[in-house]
Amino acid sequence: MAEDMFQWHWFIEWGTPNSAHMYGIEKILYHGRSKYQDIMVAIVKDLGKALILDGKTQSAIVDEFVYHESLVHPAMILHGKPEKVLILGGGEGATAREVLRFKSVKRVVMVDIDEEVVKVSKEYLPEWHRGAFDDPRFELIIMDGLKYVEEANEKFDVIIADLADPLEAGPAYKLYTKEYYEKLKKLLNPGGVFVTQATSPTITTFTHAVIFNTIKSVFKYASIYHVYVRSFDGVWGFVIASDTKDPRSLTPEVIDKYLAENVEGENRFYEGIIHLSMFAVPKYLRKAIESIKDIATLEKPVFMPA
Amino acid sequence: MAEDMFQWHWFIEWGTPNSAHMYGIEKILYHGRSKYQDIMVAIVKDLGKALILDGKTQSAIVDEFVYHESLVHPAMILHGKPEKVLILGGGEGATAREVLRFKSVKRVVMVDIDEEVVKVSKEYLPEWHRGAFDDPRFELIIMDGLKYVEEANEKFDVIIADLADPLEAGPAYKLYTKEYYEKLKKLLNPGGVFVTQATSPTITTFTHAVIFNTIKSVFKYASIYHVYVRSFDGVWGFVIASDTKDPRSLTPEVIDKYLAENVEGENRFYEGIIHLSMFAVPKYLRKAIESIKDIATLEKPVFMPA
Amino acid sequence: MAEDMFQWHWFIEWGTPNSAHMYGIEKILYHGRSKYQDIMVAIVKDLGKALILDGKTQSAIVDEFVYHESLVHPAMILHGKPEKVLILGGGEGATAREVLRFKSVKRVVMVDIDEEVVKVSKEYLPEWHRGAFDDPRFELIIMDGLKYVEEANEKFDVIIADLADPLEAGPAYKLYTKEYYEKLKKLLNPGGVFVTQATSPTITTFTHAVIFNTIKSVFKYASIYHVYVRSFDGVWGFVIASDTKDPRSLTPEVIDKYLAENVEGENRFYEGIIHLSMFAVPKYLRKAIESIKDIATLEKPVFMPA
Amino acid sequence: MAEDMFQWHWFIEWGTPNSAHMYGIEKILYHGRSKYQDIMVAIVKDLGKALILDGKTQSAIVDEFVYHESLVHPAMILHGKPEKVLILGGGEGATAREVLRFKSVKRVVMVDIDEEVVKVSKEYLPEWHRGAFDDPRFELIIMDGLKYVEEANEKFDVIIADLADPLEAGPAYKLYTKEYYEKLKKLLNPGGVFVTQATSPTITTFTHAVIFNTIKSVFKYASIYHVYVRSFDGVWGFVIASDTKDPRSLTPEVIDKYLAENVEGENRFYEGIIHLSMFAVPKYLRKAIESIKDIATLEKPVFMPA
């Protein structure tokens, strides 16, 4: 068998113990282990360069803009004039990159627990951060997001949670509880908006629904939205929340005008019509999500299924 | 190692030679080979019962309604009062099932080349056809879709192509050429609408774009729409076309009213707001598709990439 | 991608949680579940027809004769004139087939717990049993091997244990304890010989060594021997034991003469020179095995590693 | 799913297009590409540190001594007093290491085409070469083995071919032809011995048999021998040849005495009794090999099957 015919170096990303996506690895650019996790940067076939933490694709060059525009833009536009933005997690620097494109922004604080991920991203992922780490408006704090929220004495217009999934094994699950969201809310200025990634609505429907329910119990307005992210092997879920603004009130026309006037450069994915489609959660999924009533607390947290 | 800890029976669906989705097989209900293809009905873990032809998932119970509602409903509603409908392919019977839900429908002709697939579907996929094969309005013709179109002397209001992908190895690629679409169009009544599955816009962008371009060269109005189908491991593409009606003109309100008044039973996926989101093709994909100018002809057909 | 280029139906046989052998499945001939286990007969690519119980290859047509000749012949020849033979397990009927080739044999009792395996083997594995189940000298008893040994009031010249591995999940581990071997020994006539499969010496060295140590603690002579079995993905281990005869005393000349005179038909694998090589356990493995001193008892049994 | 439960980084070594061995990768120590091939040094689960060229395991720490002792010792002992030894290939340095253990050896020339493999081995595989590259008796020549044999004006007592398999894609197949073996033979001193790896006798029986036939057509004595090498996923084949000495004439006693007196340190695998077992090729394989009559020439070479 000719050695170039069959792919022999593979990344297998497990969705459940009984299904997985296999990708050929073209080249490993970095592989190491921090205090918190296994860190790999690789050229993955069909996805291109990708950051993989503990065997989970964080983002891939083929569609990192889909994920990062979807995470950042709705919350920023809903706010209307965000000046101070807090990012929890977001090690690659692409969330910060999108935030810094908004002309009104004066200060971005990014709190990430893992200095190694940030160092690796700085060196290996320039297409992600594109200089965001060096922007004078940007400050990096290496700290546990739990602790930061306890100690912070600063307020923000938008808070963006770009965190790892709430695995039972790790500490991240505490960042998905009612108690945590209540503390986070205290860091928001009046008119503030909160947004978080919220796991896969199709693969981990329960976890997704509980995150939504928990946030809904803390904020006046909370909405789910869904985006297909190829490198995440499916549709991805987000929750956006505010005490003053309903994200469903944004129209395509308002969004497209805002983007044209208030954001540097051009989006590749997010725009008015996409905003509508992100919030159009299919009926069978809506029903599945609505049938789940649980809320996550420190005493009874939600985990990713084993 | 305990024998129940590790899944040992697998279905690996290849997207490209360098990526694939692996699913545990719980049970094989049927496995055989017709004159045309390998046919398997299996309980696939995470997807449930599925029909797999030549190693490609045709549909799975977890979301066959997403695919079949998306294929059938937009074309039927765009027509407005479809009485006679032609289905090319569609062996499972679920496309016919959806068509027969429209109260105006008086006659459905389904032309499938592979009698075995239909027999297996009748026996093993009752959740798909739900009696469609026995509806007095339904007629099955076992024949090559190429030949049928040459010989047919009947006209239809809606034609639905639910065909295998245009593989280089098989004969199906001829059903994706300008010549074929021109013949198909002659079978349409005035005001008629044509719709076809059109491969994956993200994995096989070129093939998808060429199918669109080819249809656009034959009909006055032609539009792409995209739907996430989990069991197809991504977003799936469709093309809808007509000489008299622009599918983009349909509003959510019109669609929801039409569904309520003119369709038996309730949809699980397709509705007004979903229609909008299906037609909201992301900018980066629109650009990729628009950059491709090829048209498929018998002399220069389009194939799935090897 | 042409559908015939990439294998999509797979059997993955796990050796450990971190290594496995993958085989394409050409066709499934039978798949069901008995009271005890999952039973599959399939045409496996590169191995041919195979019996797979709970995801473990029991034997494949490409080399079942290697395993079955190696299991049966040394013990039979060491005995010299076996008339009555007990087989524990051996559902496929190939162990019985080999035993029945010895002209001196007058009675073979096969005790298997799983009637389904025997029924499936009768129908789907004629190349294995070749009529052994119908030989007038052969008797099948469907019973737990544990119970049989308690209740048997018959003695044998040779006892052959062709049993499942001692998994922690199943009951088979009790058949690998000192207590069980002591009871078995009481069923042997004077001059009797016992032989058993003994798991992989390279993958599960501890289990293999403990089986050897346990048998050695019960019989005067006990020896390990190893045979490469491709369909088991490596070298396989056996233990042969007797109170009166040392298997290492057999010479190639004696073996070849015995086979020529006392056995119907011709072997494909086992012969004098192979006997020598089977007992030539490599030094590094001998040392690894000798370093393990444990013995399996009902109170402290040995299991396959998880 | 806990991220530490499922292995996600894999090396899949294909034996045929329909079967493969999958191994978890624990850590990649080096990954690069030379002018000739992809080079990886990794900690592979269950095998330990391994050198992988173009996706094929060259040797793994768990049993590299099995392969290298088997390749080197029979030829050296058959010669009786080897002073000058030529190694073709052998980049890891372990073949040289074994040769240098023979007290009679005064000069070792190793000819390898790929300087990168040697550099990587020097740095990452000290357990393999153990200083062999620095032994004053050792000379490394970076050159194509084809060219070296044309130009060499030195003669040797033993020639050892530790080369890549004869893939159709690469140039190595020329090193497995009658023409090449004839040239090699001219580099042997009277009483000289030649040995080569000869692919898998079970997976690539045809290739293995043709290598044997070709060498047999050039030398008076030629024998096949087989060794189970776990990291090669099966039995491995070798061919040893000489015009004056029959390797089958060596007895275990002679071998063990020779090793004790003439070789530094102690073997872990090869010894007298193992020598016998290596040459005991099973009957069914002997028959399969004998049924193949082809010989490889430059005009009609032998390749590994596609």
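So that you can tell them apart, the chains are marked A, B, C and D in the order they are listed, and the count of residues begins at 1 in each.
Keep this in mind: contacts are C-beta pairs under 8 Å (C-beta built on N, C-alpha and C of every residue); 3 or more make two chains touch, one makes a residue touch a chain.
Keep in mind the model is a prediction, meaning the values are calculated, not measured.
**Student:** Based on CA centres, what chain would you say lies at the far end from chain A?
**Tutor:** C
**Student:** Using the average of all C-alpha atoms in each chain as its centre, how far is it in Å between chain B and chain D?
**Tutor:** 55
**Student:** If you average the Cα atoms of chain A and of chain B to get two centres, how far apart are those centres in Å?
**Tutor:** About 33 Å separates the centre of chain A from that of chain B.
**Student:** CA centre of chain B versus CA centre of chain C: separation in Å?
**Tutor:** 52
**Student:** Can you list every residue of chain D that touches 2 or more other chains, as numbers and ranges?
**Tutor:** In chain D, 7, 12, 16-17, 20 touch at least two other chains.
**Student:** So that we know how the chains sit together, what is the shape of their touch graph: line, ring, star, complete or other?
**Tutor:** Shape of the chain contacts: a ring, since each chain touches exactly two and the loop closes.
**Student:** Okay, in this complex, where on chain D does chain A touch?
**Tutor:** Residue positions touching the partner: 1-14, 16-17, 20, 27-28, 31, 37, 40, 54-56, 167-169, 304-306.
**Student:** Please output the residues of chain C touching chain D within their complex, sorted ascending.
**Tutor:** 7, 12, 15-24, 45-47, 65-66, 202-203, 228, 230, 233-235, 267-269, 271, 273-274, 276-278, 280, 282-284
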